[in-house]
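Can you keep this structure in mind? I'll have questions shortly.
Each chain carries a letter (A, B, C and D) given by its place in the written order, and its residues are counted from 1.
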């Protein structure tokens, strides 16, 4: 069966290769965690290195991605919107992956790893709830327990996903500290990991956290970019797109996408939420176990991110993105909530696709930039549509 | 006042109470109270918005302090006017340390008379720059060891830590617990076998009984959450002093017993 | 790109071939519509015959199904549940198709046909809202208008899908007559078609309605069965499953599935909702343009179907199913709401899949029958999982 | 009373009012009222739960009748006791007809003295069995023609219809409309060119003016929704009779004019 055959993998040259031994991408990354967690992080690293080099692990993961998560996901040429914008826009459809976003790619990888390590329980933080749902899903599938930490503000905003997690048998723990959103859920998940590190595996939801998570999550997400690379090659005479665009919360869908194109001439663009734009407004800092660009005040207190998209409500950015920004290999821009809402509606009306608010950040930038020097007429653009919008209905009802 | 020298000079089990800087307007009165109760050193928390190793009590104390407009600079300014005769150590997270630079941060500590620094999210791997900055400024960088730390690593921590070695008694975060964790004794023993630097057990030491029990294995204890709960509940410095004094007494009696035994 | 290559089609022998010239499957089917609609039905039939014989139409449809709807959908071996039930259960994952159910297969076909006929507008009825969302989606994609008729009771039960349709630019018309559910929406859609037959195409949502709809919709849905046939062949040493099970509202996902296996030894099982079990409790009747088995009282007044699954709240069954039942080639059974709710939860907890209440009827029967003479230990079972359960959260919140 | 013979015998434009059987307890009084107002035939709706060609007014009338427990048998029983001197035609949907069997259904009509039958969801293709049953029982099966019906098919409908030909004036469902549809005239003309059987326009004929306009093209009109709206709004049989009489008068005046012209 054609869709179950394993994907050939591209060897990527220099950028986006393995981080340094200390888990650094340039000056970012590292492992800034309490001593109690050092052995646990080291164990995850060792297990991942061995698994990733093990053809059987790869085969098992590829098979799960195919038969359970529905990979490869489609590549959709957007016909009507492309014509309106004067560009050629191709959408990588992570919204069609099981559970409705790219998060499942990473989670299936980590859950398989947790089983390999003999763990019986997954811990995870979640913002929009997509990573929580994906974690609950993988836990059910592989017979593991799941505990999901979620800011109580996000629990209100994303009640559908909360219900889904519970349906799947996961325990959802509300986090009432701080801004009661994703960053606080991350802090809480790390704290809880310390206390149950023997049985529990911490399943990080984006390219963040202590080494090896940012690297490992990118590797689990590179399936997006690898697939898109092959698919784009058959859609475009040029073989590669001129622009590769993805939204950035922690930055996992962007990292996975970029990984497939970093060795090409494509311009890589990450789009953040204005209220969570760590590259534009952040400063170097250390949070949740890694050094990167972080929204913070002059004192070093972490800032609260604000976005209509709960999944982008994160004051930091994955360390590899900070490095890609420094090196100039990728560019980071931001859009505001109004542009995002307009983009959701526009894609629905022109292409019949109801995208997640997170994903719509990428589209909003494309809509704004199309036809300008930033994204000239006729450009071939690959955009990762990281998830579907069903979870955002109540948020949209408030503004539409 | 040099932290390590002072601790080594104490001829008793070490009692190191904790207070969150800025938690109340009169928070420095708690320092004085601690000193009066017989503290051998005092740990001052510089509040951070995302305290990874702290439980709900200390996190709440941090939030209260931040809402009061507390900053590192304000805390150090207040501390620098004090003269309570007990060495001080700051406890905080790395983001605050690196906001200016490790060197600037340590210099500020030293200038305010704070001789020790504890940064729980900086493990050995990430410590080099901070160790250098601390050393240059005459600040003792206290490293933490945990029940999960393997032996070779324990030895390295013991070797590189200054002031004392903070032995994390339990796999978990700060907060009161019903009993001293089983892990505490073994960790303290392993550390004491590896070094002659003071080994102090902290995290989850909530009562005089816990402190006594811990002092059988280690050179002393840090007491945090159970003090901060009292402070948050409105206990006056005198009330807190009286409670802490009972811990002091219990430690001293146990120490006397052990010498006799 | 492997997943875009057109599917080879199986030639099916006698059962499930073309209906008679009068649109009959045995004694069922036909074209019981007002004279005003006869030319419109004839035009749809002519257009479909010409399109279905036109390789370019087939290529365009196959491409839309692949690049937009995400076909082929995965075939998921259910590991843990199979072990618990003592059978080998394979799930055909229509929940992973764009918009969340098999309905998109049919709608893309019909919307392409509408364009080919020069129509500018799609009319559709919807029950659960899945067909309405699919129709709104296809309309947006192909630049058509869409008007969706929906019973006002269903509008309350399925508010998320109502929002989705509106997002996609469709007009949703509440139907307040009769039981205010699917059957009344069908009646209303037919009435409205009469008045705008020149511009509007009536996009029927299941294997029902006047000839050629039951046949055409089955042909557009046979992609489920054709894909599953190929996929099952690589999963099973026996090549074909022993049982092929699907839920039946109007019966389109079942018809499309059965079409792929009718020429094999597989036992075909359609599962209805107890409160809408037209085969068990219905009598021959004529409704919505076709003759079939219909729930009705002694007077011939149409009965109201009752099911927790809005998409199965239909008192009739597609005419071809009535015929397959008569001929004994397929068997029709039913389950009740309680069994269905238990099945949703069980699949979520064992496989990490949150299925639609409609689809869960098929699973509920499998759970009940597994290990009995009806579905013996060790049987190889293919089940079509027709859609995802996100739309059912509020219904489930009431009962869980 | 034979429907077609009776209509052919009328030397005026045909007026065929409609009533939903069982819509009120006294619904047969409307039949009497229609007869008094000068109806040439009366169409009696046998209510069905899913009336595909009916607009909201007639659907509401059907729902009201069904809620009152109306059945075909009850309606026919009441009808069979009447003697109003006007031929009757039943209008219903095929599910009710086939519930027992077309033959049994037609026999029941005939026994109740109902001489015509209109089943809008049975087009030519599906009519054979019903045509035979109607014929066997001496019931005229009235077929419908629509503006969308192509010429050859129109001819066949004209040839196979009995009683009269029901010319659907507009592409749409029953219900009141502001004006007579443009399509009405052409359809009636085409039908009259194809047959000498009475051609009656129906659907959307709401006022005396519409009726007059329609009668210029056709042999008569069916009036349904505008009567049923009055009935549902509580108009008494006398009130309805008075209104229908004005339509009768308008039709007769127009007919007289046309004979003089």
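We adopt the following convention: contacts are C-beta pairs under 8 Å (C-beta built on N, C-alpha and C of every residue); 3 or more make two chains touch, one makes a residue touch a chain.
A quick note: this is a predicted structure, and the numbers were derived from the prediction, not measured.
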Greatest separation from chain C - chain, by CA centre: B
Whole-Å separation of chain centres (CA-atom averages), chain B against chain C: 67
Centre-to-centre distance between chain D and chain C (centres being mean Cα positions), rounded to whole Å: 38
Inter-chain centre distance, chain A versus chain B - centres from mean C-alpha coordinates, in Å: 38
Chain contact topology (line, ring, star, complete or other): line
Contact pairs between chains, per stated definition: A-B, A-C, C-D
Sites on chain C touched by chain A in the complex: 1-5, 66-70, 72-77, 79-80, 93, 96-98, 100, 136-141, 143, 160, 163-164, 167-169, 230-231, 234, 344-345, 348-354, 389-390, 393, 396-397, 400
Parts of chain B lying in touch with chain A, wherever the complex brings them together: 48-56, 59, 63, 66, 71-72, 93-96, 98-99, 120-126, 143-150, 153, 157, 168, 171-173
Residue ranges of chain C in contact with chain D within the complex: 22, 30-40, 177-178, 183-184, 187, 190-191, 194-197, 284-289, 294, 296, 298-302
